[in-house]
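Labels A, B, C, D, E, F and G are assigned to the chains in the order they are written; within every chain, residues are numbered from 1.
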């Protein structure tokens, strides 16, 4: 075996505790070590993905006790694919923010990179863990680093956004504790596989209540509809790369947790419909709200929420095609939205207010960035030769297969709304006159590399979607097969 | 108006919470084949740790503890990021005058005893209630007493960073040692000894001592950060 | 022996009520802090009695921690009231 | 019986302290009340046979939570509805201009 | 108004060693009290921990040195404790009388007196003892003037107050420290 | 019932009565400083004797309880002293009868004016 | 104590729920930021009490095999909720500390603690 899933958590923590010490020796270490760690995590996850193709799911046991007793980490095709995606994005975010704004000072850079690295670690842990309470701990790690990163810029509004996030996060964690405790008192275990196995013994009311508490809690991180009040503000106020990391990494992990709980742990009847309805509401409300936003990052945030709603709709269809489409959507959204945030934050670099009107005429001054933003916009709308097209196509065909014609219609109509607001920005970039008081800032070379590699992925997968579809199909198989998940974990004892 | 809506919502929530809890019998075992019995018997027979809570916190669910230590580390980091200031502001004293001489000498007397109590609590983590977090908190509270009563008392920032980093790294390294020697992270690599002896439980006692130092350093850091902040 | 403990507990419960009234009524901050301090002392005695009732030596650690740290809690508030903080 | 009554009394006291902490306008008193809550909670944990948790609650609730709340009060304002005087003066100046 | 803190004065080597040993002894005793047993492992750990701690805290923990262990001083210490306990019990009965009588026979006031004690620690002990003895509560100590809240003021004259409140304790404390 | 147990029972009963008296004193006394007096003395002795009484019941626990007693006896007067000083600094002066003595007031407030707090 | 268990059940669960609700009420309706944080911490306390109460065993003793209790494993209360609460308390403290530092910073920028006056973003 080339490594073990536990290294995904152990190595970053070791590095995080090491960084303050090494920073005393050479200040540049605080920037370099997180990058090395993230690169290591990427290499590790890729090699583990290759390993599990032939050897099957890895169930890693911690502290030598088999699954119902100890905590276990599961590296299955599904969680492995997500881990690879997250670590890749984390590496790109690190690359992009290597010299971003305030990071050039030593003290802020130290905090920024430690928090960023641990945010990625926490998300990876959320995806890998097979224990409910362990998931709570990782959610807290992600949330606290999120609060710190959101209020990273010393501006007046960033603290407000972070406080809003903190309030919702604190409610969420309390509710999650209640939910976990209800499950524990009924079933006497915290292991997700064993809970799934014993779930039929549980009283119906208890089941419903615990599911509600847990879904409310995870829904806060996953930006489901009534609980996503924090997201636009946080995305607006956080540094640009952090917005990308939030939408690309944290939310993905939370959606994973949501899906894992509904698909694997519970056997409730109405849960899929719940996903479908909540996803639909989220999608429609967010896309409509995005239409009238005046700030660029706020618009992107609403778009991101809408895309997550779309993924939930796809999960709510409940068939294998639906899951496939959802995973594809999550994958493409993570890549494309990161590209949009990366390039967008250079288009409105010097303004704290980040209005859309500040991008006027930037196409002339920052041609490559503007071009990349346009590419991302086209891709996320779902224009044919790009990556987003295939994911949306998969979703539509899955919906059509399940005879949900209304759903197809709604998605198509809302997609037009989406196209309108993105094309409006593109129009401003290229065909408007530059405002006198905005001055463009050239992207650094690192940022350029990060953006170009994302754009390359968008294009390559747009032309050859088969590169990833095999992987995603296996992941979808893995998620749908509940019995195998339980069997694999509990046989480890 | 908002108050009444909230009150109504809370009444509904309270009703449901209460009805859930009344379904759970108080003081009776709720489930037949829980992991509780496994934890109790293996902490006594295999790990030889008399405090089962410690066994759970450090060994069976030691991963949670690692995460928890990380959460404290993160919140200290995030706080100093949130209350960020330019360098020259940091040095200013935030305690205006020392306490009366009686309290000063009283605190001076009491401080080593408090630290000793903290050390006692985390050394005996596997025998009696308490452990790393509690001991670390007590030590940090003792430092807080000194900070409050003496105007000029201070701990070197670098020393705190050293203690914190080294303790945290040793925790992870012990975990990795378990991984490389026995095959799973945080597994016990030392002999376990006898039940109810001070030197028992193998690696558990060591981890709790490390956690104690780390938590103490982190909490002192948190107190420093927030104490030297002038609004 | 248990009857004596019950007697002590009941008389301490009455004491608790008086302290609580003072806590709510207390015109100045000082009165409330005194009430807190007295509550801490009552709590320490109560913990010691409870640990005798449960026959567990190790519960005394909690009383020890309260006996030592309760003082620091009062000092913190006193230093704030003094205007030193 | 007496034990039960004592437990009920301290439960009542705890809930009372919680209500007091929420209702009280003076934030310092609210913080002191939260200290009372933490004290009683710790005794309850001991009665429910959880000395570890009681010790944790004691260690954290007595001094550390109090100090961070009190420093926040020191850095901001002590009363719930109080506004900063500086800001008022600023506004008055603005109006005068 | 406040004297500068004097806790960081340089000490001679001999005093340092003596104090270190005293601290070690005291902390070991406290450790035995914490553990409550004389088990060998516990005792060894306690001695080691107390040694390290008293080495680290040598500049802080400076109440007393080995000279305190002289038999004469120990005798006075014991006498002090006995006197103190008697006064404590007396004070409680006094307090009970005041609290229980419906008329609340009190006449509070703040008096001051001067004390001969030199070291801060002795002053602290005296203040504590005063607080716990009948009807008095020490409010502040500025240099060597004690300000005492007296629940039943007999006289505002410092000399009389000193005689009433603190004379016994101080005579013993001077002999001890 | 052995002699130790009788001593222990006596101490516990006396201690709890003193704790009660302390609480009553806190309730009844007219001003802050008198309350502090009642609160400190009675509760300190009460807690000490309750704890020592338990120590007589269970001789194995005696050492630890003794340490606890010492800590309580050491720290309780300190905290009440700190509180008294702090409240004086906040210019809350003790209630005195007509012509009462207040020597510390001059230290805090050399002019002798009285302010409301 | 065993006889009155059902009274105790209602009382302890009731006060845990009461703490949760009081904390929630404070966090949702109060205007002062510090009050909101205080409400959150009270709510956390309620949840911790609830968790411990759910793990309680009638006539049980603490899950510590100290001298004299080596063989009473079947009378011991459930240790898992205690371990979970231990973790949760420390995490709650961390979150409270971060929240209070955010409060200080909000005050620095806005000169007020009233949440209805801090409205640069849409709430």
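What we mean here is this: a residue touches a chain if its C-beta (ideal position, glycine included) is under 8 Å from a C-beta of that chain, and two chains touch if they have at least 3 such contacts.
Since we're looking at a predicted model, the values are computed, not measured.
Novice: What chains do subunit C and subunit D have as common neighbours?
Specialist: Neighbours common to subunit C and subunit D are B, G.
Novice: Going by the average position of its CA atoms, which chain sits the greatest distance from subunit F?
Specialist: Looking at centroid distances, A is the chain farthest away.
Novice: Which chain is most remote from subunit E in terms of Cα centres?
Specialist: Computed centres place A farthest from subunit E.
Novice: Counting C-beta pairs in contact, which comes out ahead: A-B or E-F?
Specialist: Result of the comparison of E-F and A-B: A-B.
Novice: What's the distance between the Cα centroids of subunit B and subunit C, rounded to whole Å?
Specialist: Centres of subunit B and subunit C (C-alpha means) sit 24 Å apart.
Novice: Between subunit B and subunit D, tell me the centre distance in angstrom, where each centre is the average of that chain's C-alpha atoms.
Specialist: Distance between chain centres: 21 Å.
Novice: Report the inter-chain centroid distance for subunit D and subunit E in whole angstrom, where each centroid is the mean of the CA atoms.
Specialist: 33
Novice: Could you list which residues of subunit F touch at least two other chains?
Specialist: In subunit F, 22, 24, 36, 44, 60-61, 64, 67, 71, 74-75, 78, 80-82, 85 touch at least two other chains.
Novice: Going by the touch rule set out above, which residues of subunit D reach two or more other chains?
Specialist: Those would be 3, 49, 51-52, 54-56, 59-60, 62-64, 67-68, 71-76.
Novice: Got the subunit E residues that touch at least 2 other chains?
Specialist: 30, 34-36, 124, 127-128, 138, 140
Novice: Taking the complex as given, what residues does subunit B use to touch subunit G?
Specialist: Touching subunit G: residues 2-3, 6-7, 10, 13-14, 17-18, 21-22, 24-30, 34-37, 39-41, 43-44, 50-53, 56-57, 61, 64-65, 67-68, 71-72, 74-76, 78-79, 82-83, 127-129, 133, 195-196, 215, 222, 225-226, 229, 231 of subunit B.
Novice: Within the complex, which stretch of subunit G touches subunit D?
Specialist: 1, 4, 7-8, 11-12, 15, 18-19, 22-23, 25-26, 30-35, 37-39, 41-42, 45, 48-49, 52-53, 55-57, 60-62, 64, 77, 81-82, 85-86, 89-90, 93, 96-97, 100, 103-104, 107, 111-114
Novice: If you look only at subunit E, which of its residues touch subunit F in the complex?
Specialist: Of all residues in subunit E, those touching subunit F are 1, 30, 32-36, 88-89, 91-92, 95-96, 98-100, 104, 106-112, 124, 127-128, 131-132, 135-140, 142, 147, 149, 151, 153, 156.
Novice: Sort out for me which residues of subunit C touch subunit G in the complex.
Specialist: 54-59
Novice: Which residues of subunit G touch subunit B in the complex?
Specialist: Going by the criterion above, the answer is residues 5-6, 8-10, 12-14, 16-18, 20-21, 24-25, 28-29, 50, 53-54, 56-60, 62-67, 70, 73, 76, 78-80, 82-83, 86-87, 90-91, 93-95, 97-98, 100-102, 104-105, 107-108.
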